[in-house]
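A, B, C and D label the chains in the order they appear, each numbered from 1.
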Amino acid sequence: MPPISDRITYRPIYGDCDRMGVLYNANYLRLFEMGRTELLRKSGLSYDEFEKMGFILPVARARIEFKKPVKYDEPVDIITSVKTHDRIKITFDYEIRNSEFLLAAGETVHTTLNRDGKLIEVPEFLVRILEGERFHK
Amino acid sequence: MPPISDRITYRPIYGDCDRMGVLYNANYLRLFEMGRTELLRKSGLSYDEFEKMGFILPVARARIEFKKPVKYDEPVDIITSVKTHDRIKITFDYEIRNSEFLLAAGETVHTTLNRDGKLIEVPEFLVRILEGERFHK
Amino acid sequence: MPPISDRITYRPIYGDCDRMGVLYNANYLRLFEMGRTELLRKSGLSYDEFEKMGFILPVARARIEFKKPVKYDEPVDIITSVKTHDRIKITFDYEIRNSEFLLAAGETVHTTLNRDGKLIEVPEFLVRILEGERFHK
Amino acid sequence: MPPISDRITYRPIYGDCDRMGVLYNANYLRLFEMGRTELLRKSGLSYDEFEKMGFILPVARARIEFKKPVKYDEPVDIITSVKTHDRIKITFDYEIRNSEFLLAAGETVHTTLNRDGKLIEVPEFLVRILEGERFHK
């Protein structure tokens, strides 16, 4: 089964851009969050609901390659995929593209913590979501 | 007894500025937060400790006048004062200045909520802090 | 002719929210920017194009009333209107609403600067846009 | 000659933290920017002056390891070093520490662009700064 994937569009605002008129480097991680959140939502379980079930998915590592600037007010696609997952780590993969170019790429690696902040194995229902199954409430 | 007042310095980073090379309008409220937090800390009670005692001071209203731009990497003073306070509201007053000019002015009005999110009267120990008394743990 | 008005939807991300799990106070001004930008775009002239014509519309004053928290991941409507305008000032009015409540309200007052940063009168073509006319390129 | 290094302190504000009460993942890159900017300033040439000379140092790649949370209002040290540099790339290395632990580590790789946005070799005067020489205006 192929990794799940999703595409959303975002248009950087003034407050996202730096004095070069392009997306400030830290804000790429905001775009990655948007992509990851909408990818999860499409499975039928929002990240907000996941947290309310008593779990969190903190970022353990992040990596960004900045290829071309993301310009103020220019809509870009954020393409998010589940790259790999095992018993304790989930890796999401991101591409930011305009109509012509790959502007940036990156990944974030996440672990799962329970309500007490203890590292736990990725819950079985989340593994199924990551493999493309729809979540049933 | 005069209202308490404090002055701190901040130097805007790239990530604070917009494509005009000046502090983005929303980020003035970040500077106001910095000023207010350091004003409270000097009383002997940090805002973090105040929250751990079971209270929060949400912003009910804010107002900003933008007079001259705050430039990238130019240190500015943030001058914070307690303007007024009564049984349910505290008003902080802010000025942002460089060595020559008043660049911005503003105020934030706060109420007090308890652990359950209910509006309560400003606690007596906080009133004393706002009037210039030092907090003793 | 009634003032022009527009409604967009925004869903706060993790990075927008503070440790109370609600939209951080400064970020309301980001939502106001989103509303204002989309209002202008619907007239046929984007703010980006307006700037490329050699004008900017800096914020001279802003005011926010925080009525109820805007929660993480809860979609809210941002309703933006032109409240008043005269030869040198434009006032935009904002409401943030969920399906039940008015969560916040505010306004921003803008002036017009030319390429050299000099205060100028609101350009005639912008006055017509503010009065509801469509911009023709 | 050893790579140059610098240490500054930062205390996360409410607006930096997410609803877990800890520094939001994107904001680590803001702390890296602060560290890098102050490291350059100590050489005698601020990044602002470097840009005014007609150069920019965009981030080409960034990497962050999140080891332990950076808490609201807890001062942390940001330790920035020049890790490597060659004719076209400069790599800065960052550690974020509290009094006990290494909380995060990371690096950013930068290239040099001239006024026209063209990739150029790292200017000779900047190479000397990166090797620990003081800049003389």
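In this text, a residue touches a chain if its C-beta (ideal position, glycine included) is under 8 Å from a C-beta of that chain, and two chains touch if they have at least 3 such contacts.
As the structure is a computational prediction, the values presented were derived from the model and not from experiment.
Counting hops only between chains that touch, chain A reaches chain C in a minimum of 1.
Distance between Cα centroids is largest for the pairing of chain D with C. In terms of their C-alpha centroids, the spacing between chain B and chain C amounts to 25 Å. Chain C and chain D have Cα centroids lying 34 Å from one another. Residue positions 14-15, 20, 25-26, 29-30, 33, 72 of chain D are each in touch with at least two other chains. Chain contacts here are complete: no pair of chains fails to touch. Note for the complex: chain A touches chain D at residues 20, 25-30, 33, 56, 58-66, 69, 108.
Within the complex, the chain D residues that touch chain B are 13-15, 29-30, 33-34, 37, 46-48, 72-73.
Contact residues on chain C toward chain D in their complex (touch as defined above): 14-15, 17-22, 24-26, 72.
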